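Heads up, the next two complexes both have chain A, just with different partners, chain B and then chain C.
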Partner chain A sequence: METKHKVSLFMVSLLLGSMLTVQFSTVHRPRTDTNVVDNVQLNAELATEKDRQKFYYSEINRLEDQVKSYENKQGNRDELVKAMADDLDKVKTLAGVKPVKGNGIVITIEDSFDAIAAGGDPSKAASLDYYLYQLINYLNGNEAQAVAVDNHRIVSLSSIRMISQNNLQVNAVMIDPKSITIKAVGNIEQMKIGMNLFPQFFREMGKDFKITDVTNGNLTIPAYDTPVEFKYAQPEGDNKL
Partner chain B sequence: MIWIPVIGLVLGVLLGFSFNLYIPLQYSSYLSIAILAALDTVFGGIRASLEKHFDSSVFISGFFFNTLLAALLAFIGVQLGVDLYLAAVFAFGVRLFNNLASIRRLIVNRSRPHEKNS
Partner chain C sequence: MPFKTDKRMRLTVSLTMISVILGLMLSMQYKNMRVTADAQAKLPQTDPKAQYTAEQLDRIKDENKGLEEDIEKLNKQLHGLEKQAGDVDKNLAPEIRDDLTKYKIMAGLLAVKGPGITFTVDDNKKDIPADKDVLLYITHDSDLRMIVNELLIAGAEAVSINGQRITTTTGIVCIGTMVKVNNQRITTPFVFNAIGDPKNMINALETRGGVIEVLTRPENGRYLTITPPKQSPSITIPGYAGDFNGLKK
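And now, the complex of A and B:
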């Protein structure tokens, strides 16, 4: 057999061997992108779940105490009314129809010549409402307890819509998309971690993204003040609202 | 002579492991078909060399053509929603076993005169 033939047979076998190895490595590669999590992550999740469980137990105890107090106050009408008013207050706070204040962050998103000069394209701001929703979603997912966009409280009924390039609607009220202020009361560090991705998104729209910490406890989030008429939904079990 | 592809294969495997290469998982089915075609070509080459009519240009062109055609057939099958790769698996599988059978027969036939002499 000629040397040329031997070389070609050798080279092709070499290539086949490499192909076999690539296939083997691919098929047996650990799927790090989906389900594999390390111990640190598992421990962190476990700690969070333990905290949550502790919170639920304390809530159960609190509610049991509340039921007992109602039972004890049945004879005293004034005390019962006061206890119910306190509860109504708590519910209002949870629903966002009561102003709240505390520590948090203030995010300003403003049109910027520097961002445009760096390649930002203002025409991309057509999807500003989508990114604002994403931003609020990330704030809520990172321990924000109250959020307002240009002093319009964001609650479950809130809407954010880009009507035209110069008109942004929040809770059915027009605001100026050139300068938007978002206030969020919650865990400052955690919320800032959640905001890591967003400066780049807004810079691509030619906007500047700044975060300011408020640590004096005076960051006020106004109440949701848009009247809501419940025409289509009613509490389960009620015949009529 | 049969040791040449074996050494090449072992070296290729070692090379592959030392560079730790991999492809996206969704393309691994195409590579598996291509490997089958390549295996068929290599065994065909061994058989041809044992039968003393090995032609390196036919061998090299066959290797690349069969490998690419098999992967392409699998790809087209996926696009059309038809399991065309089964055709490649069947065709190359049958050829592979034919080649292996021929190689076995050739080696056995060659060993017979030796047995008679000894």
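And now, the complex of A and C:
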């Protein structure tokens, strides 16, 4: 073949090759279309909102009754004190400063020779705190009503922090990272679905992950027992707490 | 010379053949892609069932938002009555009144106000290079939870994301492409409000190796957009109206 032909053939191939590449890369780009709606997903969301609405209506009735009863009792000291004490009891449960008892699951996460032998790497446990608060997050996102890590109750102010390899803190109290027990009262099936991904994360750190069901109603989540004081946040409309 | 012509002919023929085949392939390829792309684009608009459900969903969501406001008003009214009871009757055990206020704030039932910070977390909206993982550019449930954890370590007393108060039982979880907080769908951008010592919280977020660096620096493998935390003398965080995963019956 003449050099001229070789060159022209080469040029044609080059041109076609680059055209093909351009073609593929432009058309094959992942579609970032957020408008794709899925009816199944929408129906699930609709069901959630309907449940929520039912709860809101009952909550409004309850609050209206409570307001009325407070107004009626303004002159009657004993009854008013009793009504407020009853309310305080309920509010304490919601804040996590009263124990909760019921059905649920117990999760144990322990250093394990088998998990290390299977390829788990204990040096990955540097991010143990990260996976623990994600785990609690996923329990709460899956219908947990009360959670405790080594008997430290998780509340709205709870944090988890790894200070050093042997110093893991829950609610600013040190716990032993080698063996951790998490108790959660709530919807057992749903919480277990939420835990699907987690055994693998902990095995990769050389830890064993076990879940035990408690169905006799006797799983007790202790109360948060650190004194609480709000220095910055005050009820909207109040001048002073 | 005849030999040469023959060779040239053969070359021309084969070149033509190759060009024809390649041309055909290209056009088929292109058409094929166009058809699938069009089908994908048309899908959402042509499902009337989904559209109907979506409309219903929008309506009930609006209604629920109104009910949430009613609940917040009633909670405020109740709080006012409790305070009033304590003011009128000095013998009324003051600790009951104060504990009620304290634990209502802690549970997340009462709307609160105070000094704090605000900032916004968003996906990276720039074009994502073809060789990079899209997941590194979008905000995950775990990112939001990480930020909440850091704020609480720094002493935050109340936190909200897009108006959703962080309570005793709050979960921040992704279901498919949705982020749900308190079982309510929220979308980008994610606006954080936190009440507490503003300097402490800003330092915790902005410190070297802190959460903002971890989530926004390419050398850490993440590319989120986070606005610098702004200090404010008065941040308002709404109360939570929900059922605490069924704990409140």
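Throughout what follows, the second predicted complex is superposed on the first by the 191 of 241 C-alpha atoms of A that agree within 3 Å, B and C clash if a C-alpha of one lies under 4 Å from a C-alpha of the other, contacts with A are read in each partner's own complex, and residues count from 1 in each chain.
Everything that follows uses one rule, which is that a contact is a pair of C-beta atoms (placed from the backbone, for glycine too) under 8 Å apart; a residue touches a chain by one contact, two chains touch by 3 or more.
These figures come from a predicted structure and were not determined experimentally.
In the superposition on chain A, A:Gln200 makes contact with neither chain B nor chain C. Of the two partner chains, chain C is the only one that A:Pro235 touches; chain B does not reach it. Once chain A of one complex is fitted onto chain A of the other, the partner contacts of A:Asn216 are absent, as it touches neither chain B nor chain C.
Of the two partner chains placed by superposition, only chain B is touched by A:Lys6; chain C is not. Contact comparison for chain A: of chain B and chain C, C touches the greater number of residues. Looking at the shared chain after the overlay, A:Leu157 reaches chain C, while chain B stays out of its contact range.
By the touch criterion stated above, A:Leu16 is placed in contact with chain B and with chain C alike.
Overlap of the chain B and chain C interfaces on chain A comprises residues 1, 5, 9, 12, 16, 19-20, 23, 25, 27, 29.
Listed in rising order, the residues of chain C touching chain A in the complex are 11, 15, 19, 22, 26, 29-30, 33, 37, 40-41, 43-44, 47, 49-51, 53-54, 56-57, 60-61, 63-64, 67-68, 70-71, 74-85, 88-89, 91-93, 96-116, 130, 134, 141-142, 145-146, 149, 152-153, 156-158, 166-173, 176-178, 180, 183, 185, 195-197, 236-237, 241-248. Those residues of chain A lying in contact with chain C across their complex are 1, 5, 9, 12, 16, 19-20, 23, 25, 27-31, 33-39, 41-43, 45-46, 48-50, 52-53, 55-57, 59-60, 63-64, 66-67, 70-71, 74, 77, 80-81, 84-85, 87-88, 90-97, 100, 130, 133-134, 137-146, 154-161, 186-187, 194, 228-238, 241. Looking at the complex, you find that chain A touches chain B at residues 1-2, 4-27, 29. Against chain A, the residues of chain B that register as touching in their complex are 1, 4-17, 20-25, 28, 31-32, 34-35, 38-39, 41-42, 45-46, 49, 54-56, 59-60, 63.
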